[in-house]
Amino acid sequence: MMTIKRLDLGDAGVLLAGARARAAEIGVPMCIAITDEGGNLVAFERMDGGKVTSITIAIDKSFTASGAKKATHEYGEVSQPGAPVYGIASAIGGRLMVVGGGLPVVVDGDVVGGIGVSSGTPAQDRDVAQAGIDAFLAAQA
Amino acid sequence: MMTIKRLDLGDAGVLLAGARARAAEIGVPMCIAITDEGGNLVAFERMDGGKVTSITIAIDKSFTASGAKKATHEYGEVSQPGAPVYGIASAIGGRLMVVGGGLPVVVDGDVVGGIGVSSGTPAQDRDVAQAGIDAFLAAQA
Amino acid sequence: MMTIKRLDLGDAGVLLAGARARAAEIGVPMCIAITDEGGNLVAFERMDGGKVTSITIAIDKSFTASGAKKATHEYGEVSQPGAPVYGIASAIGGRLMVVGGGLPVVVDGDVVGGIGVSSGTPAQDRDVAQAGIDAFLAAQA
Amino acid sequence: MMTIKRLDLGDAGVLLAGARARAAEIGVPMCIAITDEGGNLVAFERMDGGKVTSITIAIDKSFTASGAKKATHEYGEVSQPGAPVYGIASAIGGRLMVVGGGLPVVVDGDVVGGIGVSSGTPAQDRDVAQAGIDAFLAAQA
């Protein structure tokens, strides 16, 4: 039998708030998704002006980061033509995201969930996702 | 060109809070989804203990209620065997929900979005969705 | 080798116009889809106020009617519990529609396409689809 | 509550007519799709000889352009190997189109919908989509 650490809805709220604040700061309305360590959605919000296409993309970035225990931008690097994971982007019906903006949420070395952000550039998405994680880790301390 | 009224993220927060409070009151952790009038997700939360299978069900109940401008339990009635809309439940890849718990959000006669709730019985889901709408309408007054 | 009769875009326009006029007459804004005899979409329109959920439903009613050479309400009858085609409604990923509003377009005994209508009651949808076919047949005469 | 501008079926007809005229001029029968600002289909037509595979492609180009508020050819540039959005093409079940031919429809700085064209080369598709937008903007003036 295993015991699993998993973020709860309160944690998801902290992640969302941290990401939302950063998105407001850089002036890019975002879609923000939080998944648990099983890849299942815990919370989502589309800020006013966030892109409709980014709803699924944010959820799938978070799904990928939490389920694969890997940042989506890392998949971006290893899935380039000629690289070892080339072609992975269309896996799982296209849910495996290799574009930056999905980050695993790690506590004491364990992945307890993920955050996925979409609507800006991949660099902006990743920045906003990281702000969510920073807020979460600060609240843990 | 048309001009459309649509709920924003602030409105979605009021709907979520009203539904969440009622879910806590009846002691059933729920998945709660808010969509805009185009059926696109605006906000979602899975309360701690909410069912994993209810993630999609809550989202699709809200999609149905906002997109079809009709409560999902009304579809339940008219889609019984022998009734006029029998068989509609599997439409749109199964996204068309005929189980209670999805309600359109109506302002001045216009559907501006929807709320979908899942994890309890259909009666509980509908009760919790209605509590979200009651909170929203109270905030509008 | 076979020679196939198939409605063209001009025919689709006649079907659309006939259906649209009837929808306006009964005051129900509809989604209207026209498919060819291969079940492939030729034309579609969502009247202002037509339901978002009805986009796919109208297309799939037309797909079913043209592809199966059968009105969707006929499937409704034979797919009731205990009837021979019970369970067919979820076939083809839910695309097989058994709710009224999809009609094959028949010329000289051959199915040359289909029309699918959605947003009203099944009786209204079927009435509007029939108006499209009536306009088409009148134009053929 | 938000107030949104959205193209209506009359606007869609102007977009379709402009695109159809240009497609006829260059002698390439096209699939042409119009979506609203929420990415939902408003109108579609497949000109006689338009490709069956282009039905979904045209619809998805329009969905992408309206939902992401970005021309699909712009996604083509930033999703090349080594570029920031590499791998986005398979997102949303493959609906996120990075091939030219999808353009947002912009009025006073707001995206009110999209147009997607497919059956020719991407350059032809984009040219025909632009002709639709030119006709629409001329009618607005």
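Each chain gets a letter, A, B, C and D, in the order it is written, and its residues are counted from 1.
The criterion applied here is as follows: a contact is a pair of C-beta atoms (placed from the backbone, for glycine too) under 8 Å apart; a residue touches a chain by one contact, two chains touch by 3 or more.
Chains and their UniProt names: A, B, C, D = ATP:cob(I)alamin adenosyltransferase.
Here the structure is a predicted model, which means the values were calculated and not measured.
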item	value
Geometric centre distance via CA averages, subunit B-subunit A, whole Å	25
Rounded Å distance, subunit A centre to subunit D centre (Cα mean)	29
Interchain centroid distance [CA atoms averaged], subunit B/subunit D, Å	31
Of all residues in subunit C, the ones touching two or more other chains	48, 52
Topology of the chain contact graph, where touching chains are joined (line, ring, star, complete, other)	other
Every chain pair in contact, whichever chains are involved	A-B, A-D, B-C, B-D, C-D
List of subunit A residues in touch with subunit B within their complex	8-9, 12, 38, 40-48, 52, 55
Footprint of subunit C on subunit B - complex, ascending	2, 38-39, 63-64, 66-69, 81-82, 84-96
Of subunit C, residues touching subunit B in the complex	48, 51-54, 56-57, 60, 75-76, 79-81, 89-90, 93-94, 97-100, 121-123
Footprint of subunit B on subunit D - complex, ascending	1-8, 11, 36-40, 107, 112
